[in-house]
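Structure first, commentary second.
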Amino acid sequence: MNTRTSSPTQAPGILAGSANPHLAQAIARHLGVPLVSRVIERFPDGELHVEVQENVRGCDLYLVQPTSPPAEAHLLELLFLADACRRAGAASLTAVLPYFGYARQDRRARGGEALGARLIAGLLEASGFQRVVAMDLHTAALEGFFSIELEHLSAVPVLADAVQPDLPEDAVVVAPDLGAAKLADRYAQSLDRPVALVHKTRISGEVVRAGTITGDVRGRTPLLVDDMISTGGTIEAAVNVLLAAGCQPEITVVASHGLFVGPAAERLSDLPVRRLVVTDSISLPAGFTLPVQVHSVAPIVAEAIKRIHYHQSLRDLVARAA
Amino acid sequence: MNTRTSSPTQAPGILAGSANPHLAQAIARHLGVPLVSRVIERFPDGELHVEVQENVRGCDLYLVQPTSPPAEAHLLELLFLADACRRAGAASLTAVLPYFGYARQDRRARGGEALGARLIAGLLEASGFQRVVAMDLHTAALEGFFSIELEHLSAVPVLADAVQPDLPEDAVVVAPDLGAAKLADRYAQSLDRPVALVHKTRISGEVVRAGTITGDVRGRTPLLVDDMISTGGTIEAAVNVLLAAGCQPEITVVASHGLFVGPAAERLSDLPVRRLVVTDSISLPAGFTLPVQVHSVAPIVAEAIKRIHYHQSLRDLVARAA
Amino acid sequence: MNTRTSSPTQAPGILAGSANPHLAQAIARHLGVPLVSRVIERFPDGELHVEVQENVRGCDLYLVQPTSPPAEAHLLELLFLADACRRAGAASLTAVLPYFGYARQDRRARGGEALGARLIAGLLEASGFQRVVAMDLHTAALEGFFSIELEHLSAVPVLADAVQPDLPEDAVVVAPDLGAAKLADRYAQSLDRPVALVHKTRISGEVVRAGTITGDVRGRTPLLVDDMISTGGTIEAAVNVLLAAGCQPEITVVASHGLFVGPAAERLSDLPVRRLVVTDSISLPAGFTLPVQVHSVAPIVAEAIKRIHYHQSLRDLVARAA
Amino acid sequence: MNTRTSSPTQAPGILAGSANPHLAQAIARHLGVPLVSRVIERFPDGELHVEVQENVRGCDLYLVQPTSPPAEAHLLELLFLADACRRAGAASLTAVLPYFGYARQDRRARGGEALGARLIAGLLEASGFQRVVAMDLHTAALEGFFSIELEHLSAVPVLADAVQPDLPEDAVVVAPDLGAAKLADRYAQSLDRPVALVHKTRISGEVVRAGTITGDVRGRTPLLVDDMISTGGTIEAAVNVLLAAGCQPEITVVASHGLFVGPAAERLSDLPVRRLVVTDSISLPAGFTLPVQVHSVAPIVAEAIKRIHYHQSLRDLVARAA
Amino acid sequence: MNTRTSSPTQAPGILAGSANPHLAQAIARHLGVPLVSRVIERFPDGELHVEVQENVRGCDLYLVQPTSPPAEAHLLELLFLADACRRAGAASLTAVLPYFGYARQDRRARGGEALGARLIAGLLEASGFQRVVAMDLHTAALEGFFSIELEHLSAVPVLADAVQPDLPEDAVVVAPDLGAAKLADRYAQSLDRPVALVHKTRISGEVVRAGTITGDVRGRTPLLVDDMISTGGTIEAAVNVLLAAGCQPEITVVASHGLFVGPAAERLSDLPVRRLVVTDSISLPAGFTLPVQVHSVAPIVAEAIKRIHYHQSLRDLVARAA
Amino acid sequence: MNTRTSSPTQAPGILAGSANPHLAQAIARHLGVPLVSRVIERFPDGELHVEVQENVRGCDLYLVQPTSPPAEAHLLELLFLADACRRAGAASLTAVLPYFGYARQDRRARGGEALGARLIAGLLEASGFQRVVAMDLHTAALEGFFSIELEHLSAVPVLADAVQPDLPEDAVVVAPDLGAAKLADRYAQSLDRPVALVHKTRISGEVVRAGTITGDVRGRTPLLVDDMISTGGTIEAAVNVLLAAGCQPEITVVASHGLFVGPAAERLSDLPVRRLVVTDSISLPAGFTLPVQVHSVAPIVAEAIKRIHYHQSLRDLVARAA
């Protein structure tokens, strides 16, 4: 027990952007507080206008806003809310980003590009945030893009618990590409199943074999895991390789972030995907019709906020995610 | 003649955002240089991707991008381009903002709002710009929102020259509200015409008379001037007051920035507006059908860039605008 | 009622600069606290020496100092006090500027000037202030010159209450120039009187009529309002226009800030000014002999400090001022 | 051809830290310039003293210093040299870090650690560097740890050219772990050979099979590639897996950075390593006796400096490295 | 009694670097708190790894680390610990530097050197410290090298108390050079003894007489005082001058910081030094055999931390040191 | 010869504040350039207004302004000029401070004071200066108060040359207190004369003997040297000690900075001061009647500016000063 820290006596303030108000509401409910009252509206020329309608002076505020598409609008809204809170005398501002857009722009490949993820990080810092809470970042090293504290949560425990009950004995956790290998390991460990890895093998310097599999999938039921599903292209390619390798044609697909943009719904509906599981880090696109099981990250995010706010350690919370 | 400064031997680099490529092209043409080659595109999830495709190392770059609606997208694009240029080794970055969005959010009225214009200024500075070139800002004091140099140009000379030739002898320059009073003065001085001012008079503490006019308009032809036309509401109200005051029903409307959002086209077409004159600081909205005379600010912006680049004084250029 | 914020248990610390110690003392009295003990003195070579003589470690301090003439000396003294407090471990510093000098240098007219107001804002931020409390700023947009919070109070309620009792039925609120138009509106609304506006009309491009009046003043008693009285020149010109327009020769002049520099006393004593009303935001110049009613802003400033300090909303306090 | 940029007329200044003066000398030789004269010495109490002994006012300086062990001493020396140059009026400072120590501390695993790589990046920025040139960073996303420009070179072309001549037809490029997979791909593409990947497969949630191989290695000659060799532990493990899989017992090991710390020499000498190839990014440890082929990165670093200095594009230089 | 400040309810957290863990332990004991649990270790390549092993979120932490030789390693360790604490959510960080290395690099003599002390100050600030506690700095003006608060303690009271009891009546406090003159005055005042001053007199422009003495030392017992003993060279020279001047050959040497590097032990053992007194600001070098009396500064440092932490004044604590 | 740096082709721009326009003019004359045209004036309320009246875009500007009394006004004027130049597009700004006011506030003695010198340094940096040129600073360590380059010139060579011709053979250089000891050494070395030192000796802990002298002054002619003469108090005290010690009653007093405030003229005229020699770093007070020889530092300052501007080394210039 730490006797050096005293818990603040006031509750955390939860402020919802417009990107995912349901998640913010659920987080607030878990914390037993109402959402901070605010207006987010647009002038006739489309310019954003925000107003925090209650007194936040001296408050520690947690602004919940995934920077999902349209990322610019959601990002600017977050920055405007931060400015409003800061000028209204908030004691501290934490950006709660259940999904961190632009995470894939983490390096310049040819030298003429913007370093998008760092640019976003810079804008968040310049706007007065003292802390960022993120979840299943595409690149863990994004933590170093910030000079402020970043707490990196994970939905893996939530999603693993969700698929565990009716997971067949013969299931194998599959990473659809190299980038998902560590994630697959975490699922495998949590679910006590073996792991397999789809990747492209270079036959010679010029010839690339479209996809091969490390690990045993023949006759087994794949649990395909990734951090996000965008257009579904990576999933589609991996499923085709798995089927060619003789897996059971009953695939479960699990991802932390369900963007489902462009042809995603069509692509996924054409595949033998028995079950599609994501979290509510991002609101499902309007008119999205694919059957998908959505598990809430509100409990884990709320727990993280609670610990941060009351000066408790996040170690085991983050450790499960590491 | 200043013997202390040497002109750089290289030409200025003009980089166009996607908000108004025609204006950027025209500016570049005036300067006798090609636009810097660049890609601005979107990934399937809507995330922006920019790439400067030629070598800008050591260049002084001028990024032309009005932050017209959708302001967030145009702003972020500008920041991404700046980041790309900065990391690619550009020697200096100047943001050329023929229209500066969010300029009206220059104070907090009730204390819970964001200070939008300052926020935008802060983002521009945080992204590495060394200088801003703006035009006919809604609030001149925006200059003080920046710690970096801001050069404030004006389209008044261009627009005054445009309406001069067939301006009736009986014309009177009219400001549609108090905020446009100084602008009207500048037109009146340039065109050698009297000025009138529409404003709301408070009859008593509670009763406001919708609009009265200072100055003589009866039987005269109004030249209604403003910095921008957004929904056309201010113009509509002023025209009604002018007509009620017995002006000639042949009104010319002149504004630096033609946003024409929402009901603007419909409103203006219902009024006895003989002539509608704006600049090309903003691209006309797609499908905009109202007859409008568009005069280019490319010459004045190009001249400003030339002077900045070759270390010449902007005094008379800005003085005409003051 | 906000349950998220806890009030600090310690009282606010009020530290007085030498520009207006009486106001600071009055503010402290309203808050029920003694002034923080300090020395402000000059070495034989005129260099300033300050010393905070009691323990301010962990304190939230409010430094009261209008930057009235001599503005440099008062400003530097404020910065020295801030430095002393900051290095002595103060928890936070708020600059309370009942009058903000250099506010009129809010833009560069010709390009070779300093942007004085922004420069001052920058020095205040660089010296460790977390917040500014100002009153009736010459330009409201000065808020955006600061990246830190600025709370903009107004003496209008105090002054309107002061003149209300014996205000004739026929009184009309008059703005002496365009810049005071919004201020006049606020008085008019508060006092339930009509408003009039003195301004220069441009007869043609070259000819300016020295002053005309919008609104009805003939036979009425003017209540001339402005944010500040400096040399009295603006007042003098307006009074002459009003008299020429046939107003009652019994004028009341009201201003938030009474600088009364140079010929002000002489000018005003030559005019039919029945009553001259200002606040104590600035100490009256030594030897100032004109009869003037001074109403204290100590209650409103003290109330603002109390709310800031105890994490209450300033909304209605500022709203009255908006 | 870019006509916007003018080449500087002065040559780049190369300043060598003490970590690898031979490399700095070789770079300078390639550029046809002498090293900047400097003293790096220690006072009796071990405190560092540096002095730049010639005039560097107005110079663009490139400080060559791998932050190899002892990393703190080498880093501080670099910061001291930067300070000396900056205060002596250098026009710009580029940190040339052929090896970037602490690159592996790119995230916090449990929450109580320092984010070492970001800390180092912050110190470099705080000391006045405008640019970093690095080579084969352990994590490419380190670019985003800097707000300044980072140019990421690669020794892969140099090393691939070095092993090409006598590479057997049956050679297979092998990545010793997942982290080296992309690097292996680049070698494979350059050398026109297939690729294989050693990694740990998780048999079930709890059981990890020590190492399996994706790709065909039986009877083939492995070319084992990695970004760095530290203690040799990763290489040793991979070689054992390769041998167990039936590869030819004639292994070539290639790495950009040869740290060879602790038991490295002993470990590697016990393995059937036919050939060990590294670059001179780091000086070999004193008394290192293992036969090792060292290829210089001086040409590629010098070329990068030349292009940066004379405002040429690094695109193809970096593209080969991407 | 100050009623404006409330004491924090939690105890201060003391975190020990590896430079002087015994002192840190003693400070913690004086404060009645355990040391914060942490790991400081080195990877096989010598890179530093730190981990704070308990929850410090919301804590005010005091990091105890003299930057004694090897200064770079001790400094970097301090920066790493600060980074770990900051990212783990510590409320504030105070660097407690009982000895401040590089203090003598406080100006550039010839223009090509680094300004070492300022560089170190900059690194400490860049790493997130809010405050520095130092002791008997070589140059008091180092306070101005920091923009953050620096509290300058002194060991003079501790050391004066230590030598007081058996100080002969005829003792004279001697400064071995001009730089120690003020320090000698403080000892003299505390011990009620006269003072003498050894310095080099310039006989003419070119000829320097090695050392002369101001004040009366003949037949008296010297108490030679300095801020630090490094190689012992300054002491040796002063002792020789004192002996030549006929002092009693029973010299006591007192210094705040006992570095004892290089030939120090040998030099001092060859002199008629009866008693050698230092503090525990720096751990004695391993294998140091000279008889030396070490008095702990733990009480004074602990007292300073207590006062800082509980918002009490350091005035009399520092005043004794001034 | 350094071939890495190219000299700029434009001349340096010299801008004079109002504190010492004659010195600025002399510097400009030495450099063969006219002063930059500017207006410095005051509004009726005493607020400062500056305007740079010619084009300085792209110029390297050197602003000459000793911060002599009234220091606040001179300092603010310098900051205003810097702001005007920066916003007008100057390429770089150097503050040339022949006298640096507030230099004596270089530490806090009791903890409640401001750290004046550092505060001033911070304001200069915040206002956009890239470099400071100072002369005979009261504390050399002030260099570390700046993160920007500070070049520390000295008037000692100028003043030594001035007194050399008719310096008696028996002259002795005397420092009036410990703080001037190093300065006296520099004069002594330059003039090939012995040195003496006046200081207060502590007879016992409580009793201070007003002043004693180290070195031989009996029958010799003192050359009393100090960095500045303020009220003349230090000089008066030293002269009295010297006379009591039997020196020749023909004293020469030399100081870099002649402030001559308060009773200085009267005090000095009462002493047997044969000759009083200062520089023109500060304008003599209006109405100053004491005979004083003023030697100009314009040549040395101009030389420093020339070397800085044309990228030459200041080493020997500064070395003479060290």
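So that you can tell them apart, the chains are marked A, B, C, D, E and F in the order they are listed, and the count of residues begins at 1 in each.
Definition applied: a residue touches a chain if its C-beta (ideal position, glycine included) is under 8 Å from a C-beta of that chain, and two chains touch if they have at least 3 such contacts.
Note that the structure is predicted; figures quoted are calculated from it, not measured.
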{"item": "Interface numbering overlap (same over half, different under half) for chain C and chain F", "value": "same"}
{"item": "From chain C, the most remote chain by mean C-alpha position", "value": "D"}
{"item": "Maximum centroid distance from chain F, chain identifier (CA atoms)", "value": "A"}
{"item": "Between chain B and chain A, distance of the C-alpha-averaged centres to the nearest whole Å", "value": "40"}
{"item": "Mean-CA-position distance for chain F and chain A (Å)", "value": "62"}
{"item": "Distance between the centres, which are taken as Cα means, of chain E and chain C, whole angstrom", "value": "50"}
{"item": "Chain D, residues touching no fewer than two other chains", "value": "54, 87-88, 108, 110-112, 115, 118, 122, 313, 315"}
{"item": "Touching pairs among all chains present in the structure", "value": "A-B, A-C, A-D, A-E, B-C, B-D, B-F, C-E, C-F, D-E, D-F, E-F"}
{"item": "Contact set on chain F toward chain B in their complex", "value": "8-13, 33, 54-60, 86-89"}
{"item": "Chain D contact footprint on chain E (complex, rising order)", "value": "38, 44-54, 69-73, 75-76, 79-81, 83-84, 87-88, 101-102, 104-105, 108, 110-116, 118-119, 122-123, 126-127, 230-231, 259, 261-262"}
{"item": "Contact footprint of chain A on chain D as seen in their complex", "value": "106-112, 115, 117-118, 121-122, 139-145, 147, 151-152, 178, 181-182, 185, 188-195, 197, 199, 201-206, 212, 214-215, 313-315, 318-319, 322"}
{"item": "Touching residues on chain E, where the partner in the complex is chain C", "value": "2-6, 131, 149-150, 307-308, 311-313, 315"}
